[in-house]
Each structure stands twice: as structure tokens, then as C-alpha cells.
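Here come two complexes built around subunit A, the first alongside subunit B, the second alongside subunit C.
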Partner chain A sequence: MEQVIANGLYLGAQYALIALGLTLIFALMNVLNFAHGQMYVLGGFVTYEVYGLLHWPFVVALVASALTLAVLGALIERFLFRTVIKRSEREESTMLLAAGVAYFLDAAILLLFGEKQRGVHKILNGVFIWDNLILPWDRILVAGLAILFIVAFILMMQFTKPGRAMRALAQDRVAAQLMGVPVAFYGLIGFALGAMLAGLVGGLLVTITGVNSGIGGPISIKAFMMVMIGGAGVVGGAIAGGFILGMLESVGLTVLHAYGDITYLAIFVALMIFLAIRPNGLMGKPWG
Partner chain B sequence: MRSRPSSFRFALLGLASVITLAAAAFPADAANKVLKIGFVGVTSGPAAAWGTSNVRSMQTLADWWNSTGGVKIGDDTYDIDVVTFDDQKDPKRAIAGMEKMAQEGIHYVVGPNVDDGAAAVRPVAEKSGIIYFPYAFPKELYTKPAANAVLGMVANYQSGPAIYKYLKENKGVKTIAFVAANESDPLSQRDGGVAAAKALGLDVVADKDTYQNDTRDFTPVLTPIVKLNPDLLVLSGVAPANAPLLIRSARELGYKGLISTETAQDAKVLEEGAGELANGFISVGGASTPEIRSKSMDEFIDRYTKKFGEYNDESNTKIYALQYIVDTLKADPKAIDSIDEFKKTMDSFSAPNPYLKDSSATLHYVGTTSFGQKRQLAVPLVVNEYEDGKFKTLFIANVD
Partner chain C sequence: MTPMQRGTRIAGIGAFLVVVFIAVPMAIAAAHRTDLYYTLSSVALLSIASGGVWLTFYIGRINIGQGAFALVGGYVSAILVTAYGLSFWLSLPLAGLFCAAASVLVGLPILRLRGVYFAMVTLVLTEVARLSALALSVTNGAKGITSIPAPGPIGLFGLTIVPAFDTFAERNVAFYFLSVTVMALCFAGLWRLVNSRVGRLFAALRQNEDLASSMGLNVPALRVLAYAISSFLGGVGGAIFVAIAQSIYPSSFTVNDSVNFMLNCFLGGLGYVFGPMLGTLVLYFGWDLLFQTGQYQLLIYSGVMILLILLLPNGLFSLRLPSRRSS
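Coming up: the complex of A and B.
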């Protein structure tokens, strides 16, 4: 049982970090960023190139992933989403744009990095063994870093000027504008931050799970599940959704393994019932 | 009065006319005929590696032949034009792809890469007079009344028993566990593997464990299996992208037994994804290892690497389909426009295998034992063991 709980917590930490960027972009701009998984993949490939091929320090690779995605996110917001939001009165236009960006990134990543699964050498060797519990040290480190990034993100949103501005923007865009918050600027910062988180977690996890050009879509779907569980646009909800999904997967795969692959079936059924009762998820929108 | 510049212009025009007439009079010398060969398979998404290695093998081989004067079939010389279609692992798109091949008048198509795609294109192929070479294992594709599909590789129900028998006799394997992705190909391969293991008298301790193909962390999937501590863990139908992740998780959880699969893998992917944890991993390959491959295979690998930047070990198997198509057409040039001729020739066809060092090795069609008719390429069944970034040959066998 200790192993099952440890697996769930580890999965939850990485899932929560994946979901954070998605929920941030939704909260700030009301955009369902279908390209979030592709941004994760790109972050993974940047770390693969810098750490795996150039053999630069892992920290440098992580920073490179984060910066690359932050710049890409800012460009996508400035030249695509801002334009579409300004010109279109229909909210689904941004969804179509996000889907288009996802397809574009899928194709571009395949062309740039090829079709093969890529991985890097372990950042830490060895395994922690305690009674029935077995955890490789690199997973412990990655889970620790994921939790550290989540805490840093929450503190930034809570106590810094940009964080307060983005929270105001998420709560009420018009009121924030009337109070003198430069909404366009903080929208751009928020989108860049969301993309940066995707790149960061992609870079972090390439050391454990590797990366390939085809996993963007499935990552996005999982991130949406976490956001639906926790409540769209709520930071606490995304974190809770990540940990709940991680724990459900770990417990389900252990308890139900003798019945074949019904873990996700059970999770989806539970999710449908849950959403019928609480359509806004655990915490709903807006956060504050 | 005619000026000098005018005379010069007339002279030039005259010369151009002579050259044009000469070119029109001897067109055969100017260019070869073109023989179109199709590919319908997956070259995008999570399984892109399977189809991409197909396409790139075909393109490399075609470029090689075309750059050295083309291939002579009967009295004519042809350049090979590979027409490709990405079915995205979607049977509906595979059908559309096969229809496109039919519209282009193509009679020979490599692919699709997966079971449901290969089954879906069967009616189109049979109606349109297309022989296709799937990398899919359902026996009904190759047994009568089906006649147009030719299996392009060794099936798991052919390699699995050979691997389990070898490991039982040489490594003392007694217990075996299976884990597969929850998709039609891996599940059918798992079921075939379970039946083969039981037939050999092995104790199957796990045969229901599955995972979503997009799983990124396999620790929760493998935790209950590792606790059973089987002598052999079989990764049924595992995709190259998932193999290193599964191996790594199993080893990190403390699994000390053997790990094997019946699908072809890539050494570089294993090295990057699992490092030394992948040492001892057993998989099926083509004419891959330096011990058995010929200079022609070395040149193919070299050309492939130059063209695409990096070689894919799966291409050691995927190179064969185009070679078989062209060599069978050479044996019976009438088959270029008649697949009935092709089918007739398959029964007696034999040609030297250019990719094996053994000069007595031949290209020929097999499958009588498994399908009751010759509907399979005789690709060497090479079982490899991964060791420090390379595959080394464990043993070699033949189908039929």
C-alpha cells in the first residue's frame, strides 16, 4: 500500500504542474488552450537538445525550456489570440485557434525533432528502499522540484504585483481595467507564464518519461481532466485535480489490474457522475 | 539584305530545332519509365516511428536504385516513385489512402502498419487489384479466401514460441507474465503469446495487465506485476516509444528477471530511454546485426543515415518489402500490370537475398505453415539481445 500511495503522490505532483499552466491561461483569457500538451512536448525536446545532446547542465536546459516556451507563448498571445479575441465576437473562435495551434505545433515538432522517442540519461542514480517502498532517487527529486515550482507559483500569484494583477484580471477583467491594470500586458504575461509552466514540466519529465512528437494530444486531454475535476480557472483546483487523478490512477491500476484495463473506464465514469453533481468541479471559477 | 545578327539567329534556331528533333526521336535514352509503388501507413502521432521507418526505407532504396540507373524489369528500365499516404493509424484514412493508390493506378502498396487498418483496406485492395504488404498479424488477412495481403514481417505467433522455447531451454524460464497496451494489436499479440507459453508448459502468472498507449509513467502499471516476480516479463506488441519506459520502471522497481518483446525495437531509443537498465532486453530484429548482414545492408544503412540524419533499426526489416516487390516483378515482368501474374509467381519465386552475408540465403515467399498459402515475406527471424547501446544476435530462425 505504501508503494501505491507513493506512486499516486509522485504522479499527482507532476500532473498538478501540468494542469497549472492550462488553468492559468483559462482563468486570464477564457481560452481553452488545446496546444498545452504540444507546448509540454516542445519543452521536453528543448531539454533533450540542451542536456541530452549538448551535455550542458540540467538546470540550464530547464531554464532554456522555460524561456523558449515563455517567448513562444508571448508571441502566440500577441499575434494570434489577442487578434482573434479583438476581432471575433464568438468565444469558440479562440478554441478553433487553439486547436489550429496544436495541430501546427504537432506537425512542426515532428518535422524538427523526428518521430522517435527521445530520452536523456538519469539525473540521479540509485533507488530509495524502505520496507516495501521502492522509489528511484530521480523521481523523488523530480517530485520535489514539481512541488517547489508549484509553491513558488502560488507565492508569486499571492504576493507579487504581477500576481495580484493577474488575479484581478481573472476575477473581473473590466473592473481590473477600470482600476488601472494594463490588461493587455498582463494577459500576455499570463499566457507566457502558462506556456512556460508547460515547457518547464516537459523539461523536468523528459528525465523520467522521455518525450516523443506524438504525445501532445494525450497530455492535453489529461490536463483537461485535472482541470475539470478541480474547477476551471482555479489554481487550487488544478493542484487538487492533479493529485486526485494521480492517486486514482495509482490505486486503480493496483486494485483493478486483474480485470484488464478498466482503470480509466472507472475514472471516466466517476468523472461523469461527479460533473453531473458538481459541474464547476471541486472549486469552480473564479479563484480569489 | 540579311544582316549578320539575323544569320546568327537563324543558325541558333536551326541548332535548337535539330536538338529538339533528336530528343523527340530518342525519348527512351532521355528518361526511364516510372514505376509507382504505394505506401499507406502511419507517419504521424504516437506510432509514427513504425510507418516512418517504412517510408524512409522505401525512399532510400528507391533513391539508391534511381541514382544508379533504375531497375530493369523485362525490356524496360524503371525509376521507382514511392507514393505515400499517412493514415494516422485511423482505419477510415487507411481506406482513403488505398483508394488514392487505386486512382493512381498503383498495384503494389506497402502497409498499413496496424491490424485494424490492414483489415479495413482489404475490400478496396481486392476490388482495385492491389497487392498490399501489411505489418499486421491477423491470420484471416493471409488465409484463403483472402489472397491480396502479404505479411511483411515475422508475426508474433511465429517469433513468440521460438523466443519462449529458447529462454526455457537456455535460461531456465518457468514463469511468465504479459503486459500489453489496451489496443487491438498488442492485445491480440498478448493472447497469441499466452497461448504459445501455455503450449510450452510455462506457468503464466499474469495475462490481464494492460496500459493506455499514451501512459508516460509505468511505475503504477508494473508495481503489481513485479511483485509476482516472473522469470520472464513479455511486453506484448510494445511500441518503440514505450519499451524503454517499461523496462526502466520494471528495473527501478527491483525486477531482476528477463524482459522480452516480439516487436522490432531501436537501439538508440533504448539507450536514451533506459540506458544500462535495458541491457539483456530481448527483441526481434531484421537482418540487423553486423554478424549476419552483407555489404549491401551496410551501404543501405549508410545511405539512409546520410539522407535522414539518423538510422532506425526497424528499417532492417522494413527494407525487404520494396525489394521483394521489385524482384518479383523482375521475375515476371507481366506482373507490372497484373496482380494475378504476381500471385502465380509468388509460389515459385526465389532470388538471392542481397542483405545477408550468407550467399545461399534467398528471398522467397513463405507462410504455408501459418496461413496455408505463401503470403508472407521470408524475412530472417533474428532474435536480438540489447547490450550497451547495441543489439547482438541471440539466435536466428526461419518461418516455415
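Coming up: the complex of A and C.
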């Protein structure tokens, strides 16, 4: 049982970081970023290239992943989403754009990196054993780094000027603009930050599970689920959703193992029942 | 409506029917491209399902779950035909009705969700349908249901109205006429619905549900009605699709299909009833035409899609018909 909980926590830390990026973009831009999973994959491949092939230090690879995705996110916001939001009559059009971007990144990743499953050499060797709990050290390191990033993100949102500006933007775009917040600029920063978080997790997880070009879509669906559990556009909700999904997955795989491959079916059905009772998730605010 | 507008409309509908039922088969015969029958049947069926998605857009909900109902409709028809020996023609409306009933059950709780929540939960619904098909025994798991017999004859008072599909030299010709007939019927119904009193109520829901409710509309019932019609269309489209393919697997309709149904509506334009038809045609043929570009197919396709949404964010129909906006 300890093993199951430890696995759940490890998964949850990664998931929470993915969900944070998605929920940030949603809160600031009201855009559901379909391409989030693809951004994660891209981050994974950048780390694979820098750390796995060039044998540069892992930290450099992580920074490279984060920077690549931040620049990409900023470009996508500046040249695609901003234009469409300005021209479109219905705000749903951004979903079409997001889906298009997802397909485009899928295709680009496939062309650049091929369809093979890629892994890198371990960042840390050895296994941590305590009682009947067995955890490889690299998993502990990755989970620790993920939690560190989450804490850093929360601190930034709470105590720095850009963080305050972004929170104001999420609460009320017009009011923030009237108070002199450069809305367009912080929209750009927020999108870049959200994409960067996706890239960071990709870079972290490539050291453990590896990466292949086909997992973007499934990762996006998982991220959507976490955001739904916690409530869209709420930082705390995304973190809670990530840990809850990680725990459900870990427990489900153990408990439901005897009944075949139905863990995800059970989680989906539970999610729909949960949303029927609590339509805005755990912490979400109702909106129309 | 002025007599002139009416005249234009009748001429438009007539031209559409002539093109679909006479000109296209003649052109195909002249060009010896019988493979196009299959392609065009697919377009017709996918546009039926997309039409359903369009209706949920019309009440202001983003529906990415049509793949689920297409899959369920396909399975219902396939199971009724193979396991119970029912005629395909009977299984077709039953598949639609089953989907409509299922959508009422699912819709009552989830239609309370709005905006992105509804979109995400319907996306999850597609995965639920696929995983259920994998896990259940009646759907035969990952092996799916194969060698489904072709539709038999329809007779009325001893008179054969529609001969058995196996008697056609080219089965796909029969499926083409079936698909486009059903498509024409569905879109005629959809058009009539949108321009009826109920259609106005649906439009009211899109603009403001709270306001509509305060005017005395039974908002939950109307929402479920629209969703049930939408799922009915999805089920019918899926059922015919399965009959053409003669097989169905859990992966026959996936999240990608659900997203594509939504994209078809967007591309055609959300303000136009016939938008999904145009959107499906353009997307499907665009994809097919790019086949020669090999590994760059998806890259070019999605690049063009991004360009289209940048230049025409309100759909293809917004190009030529600015005066016919129905919203």
C-alpha cells in the first residue's frame, strides 16, 4: 500500500505541473489549449536531444526545454491566438485554432524526431529502500523537482508583480486593463509560461518514461481531466486535480488489476458522476 | 420572405439535388472513378454526424463527443444485424433512437455544464465509449464485429422498392445513394427545425439561458431535446458507416473523429445550417488530395487549417453569403 501511495504522489506531482500550465492559459486567455500534450512531447524531445544525444548536463537540457517552449508559446500567442480572438465573432473559434496547432505540432514533431520511442540514460542510479517501500532515486529527484517548480510557480503568482498582474487579468480582464495592467503583454507572458511548464514536465519525465511522438493527445486528455476535477482556471484546483488523478491512477491500477484494463473507464465514469454533482469541479467558479 | 427569395431558395435546393443525385454519378461514370462513390458516401455520413454537432453548437454548447454516439450507433446496428438477425433497415432507426435515449440519460446531468466544462466532458465521453466497447463482451472487445451482411431488400406489398445491396454490381453505388438520401433528409429536417418555433427557442438558449429561463422556457428539456436530436444523427451516421465498412472496432470512431466533427462545423461556419456539409467536404477532400505529399500530409493540412482560421475565423460560408446569416 505504501508503494501505491508513493507512486500516486510521484505521478501526481508531474500531473499537477502539467495541469498548472493548462489552467494558467485558460484563466488568462479563455483558451482551451488542445496542444498542451504536444508541447509536453516537444519538451521531452528537446531534453532527449540535449541530454541524451549531446550528453550535456541534465540541468542545461531542462533549461533548453523550458526556453524552447516558452519562445514557442509566446510566438503562438502573438501571431495566432491574438489575431483570431480579435477577428472572430464567437470565442469558440480559438478551439479550432488550438486543435489546428495541436495537429501541426504533432506533424512537426513526427517529422523532426521520428516515430520511435526515445529514452535517455538515468540521471541517478540506485534505489531507495525503506521497509517494503521501493523507489528509484531518479523518480524521487524528478518528483522533488516537480514539487519545487510548483512551489516556485505559486510564490511567483503570489508575490511578484507579473504574478499579481496575471491574477488580476484572470479575475477580470476589463478591470485589470482599466487599472493600467498591460493586458496584451501579460497574456503573452502567461501563454509562454503555460507552455514552458508543459515543456518542463516533458523534460523531467523523459528521463523515466521516455517519450514518443504519439502521446501528445492522451496527455492533453489527462490534463483536461485534472483541470475538470479541480476547477478550470484555478491554480489550487489544478494542483489538487493533478494529485487526485495521479492517486486514482496508481490505486486503480493496483485494485482493478484483476478485472482487466478498466482503470481509465472507471475513472472517466466517476468523473462524469462527480461533475454531475459538482459542475464546476472542486474549486472552480461558476461562469456562463 | 419575398417571392424572389423563395424562388432563389427553391432553385438552390433543386440545383443541390440535381448535382448530388444526377450530376455527380454521371461525372463519376464519365471519369471512371468508381472509388469516389466510397469517398463521397463517407463525406455524406460524416456530414450527418457533423450536422448533429452543429445543432449542439446552435444551443451554445461545444460538443466534442459525437464520436461516442457514432460508435454506439454503429455497434447497436451491427449487434442487431449479426446477433439478432434483424434487417439493416430496421436497425438503422433503432440505432438512432438508442443513441437519442442514451444521450437523454447522459445529457440530463452533463448539459448543466457550460462552456469549456461541457466540451471537456464530451471529449471524455468519446473515450468512455471506446473503453466500454473494449471492456464489454457484447461488443466482442478489441476484435470488434466483422463480416456484417450488406443491407437486404425493402419490399412493400410484394413490390421490391430497394433491391438487396448484394445484387448491385458495384455495392458502393447503392451506398452512395443511400448516404446522400439520408443526408438530404437529415439536413432538410435540421433546416426545418432551426427555422421553426423550437429553432428560435434553441437560438434563445444560445444567447442567454438565464434570460430564456426567466421568459418561461423549460431550458433543461430544450437542451436535452437538442442533444438527443444531435446524438440521433450521430447514431444514424455511424450505423450506415458500419454497414459500408462491414465491420466495427472500438477504434472505429475515436477522439480524433470527435474533434474532426467539430472542426467540420467550424470550417463551414457555425451560423449556417449547411455549413457542416461544406466543411466536411472540404476537410475530407483536402485531406485526400494531400495524400500525395506523403509524410508532409498532416503538416500541410494543419498548416492550411491554421491559415484558414486566421483569415476566415467565421467559417467558409461567411465569404460569399453575408446576407444569409441566421444568427
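Everything below uses one rule, namely that the second predicted complex is superposed on the first by the 284 of 288 C-alpha atoms of A that agree within 3 Å, B and C clash if a C-alpha of one lies under 4 Å from a C-alpha of the other, contacts with A are read in each partner's own complex, and residues count from 1 in each chain.
The working rule: a residue touches a chain if its C-beta (ideal position, glycine included) is under 8 Å from a C-beta of that chain, and two chains touch if they have at least 3 such contacts.
Remember, predicted model here, so these are calculated numbers, not experimental data.
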Message = So in the superposed three-chain picture, is A:Ala61 touching just subunit B, just subunit C, both, or none of them (first/second/both/neither)?
response = neither
Message = Quick check on the superposed pair: does A:Phe26 touch subunit B, subunit C, both, or neither? Answer first, second, both or neither.
response = second
Request  = Name the contact category of A:Leu205: first (subunit B only), second (subunit C only), both, or neither.
outcome  = first
Task = Please indicate which partner A:Thr254 is in contact with in the superposed arrangement: first for subunit B, second for subunit C, both, or neither.
result = first
Inquiry  = If we overlay the two complexes on their shared chain A, which of subunit B and subunit C does A:Ala238 touch? Say first, second, both or neither.
reply    = neither
Inquiry  = Tell me the contact category for A:Leu275 with respect to subunit B and subunit C: first, second, both or neither.
reply    = second
Query = Once the shared chain is lined up, is A:Asp106 touching subunit B (first), subunit C (second), both, or neither of them?
reply = both
Message = According to the stated criteria, A:Leu145 is in contact with first (subunit B), second (subunit C), both, or neither; which is it?
response = neither
Task = In the overlay, answer first, second, both or neither for which of subunit B and subunit C A:Ile215 touches.
result = first
Task = Kindly list the residues of subunit A that each of subunit B and subunit C touches, one partner per complex.
result = 106-107, 110, 217, 260-261, 264
Message = For the complex, give me every residue of subunit A touching subunit B.
response = 3-4, 7-8, 10-11, 14, 52, 106-107, 110, 114-122, 127, 129, 134, 136, 139, 205, 208-210, 212-215, 217-219, 249-250, 253-254, 257-261, 264
Message = Can you tell me which positions in subunit B touch subunit A when the two form their complex?
response = 43-49, 52, 182, 208-212, 214, 216-217, 219-221, 223-225, 240-242, 244-245, 252-254, 266, 268-269, 272-275, 309-310, 312
Key: Of all residues in subunit A, those that touch subunit C in their complex   = 26, 32, 34, 80, 83-84, 87-90, 92-93, 95-97, 99-101, 103-104, 106-108, 110-111, 217, 221, 224-225, 227-228, 232, 260-262, 264-265, 268-269, 271-273, 275-276, 279-281, 284, 287-288
Remark   = Within their complex, subunit C touches subunit A through residues 57, 62, 106, 109-110, 112-117, 119-121, 123-125, 127-128, 131-132, 134-135, 209-210, 255-256, 259, 262-263, 266-267, 270, 295-299, 301-303, 305-306, 309-310, 313-314
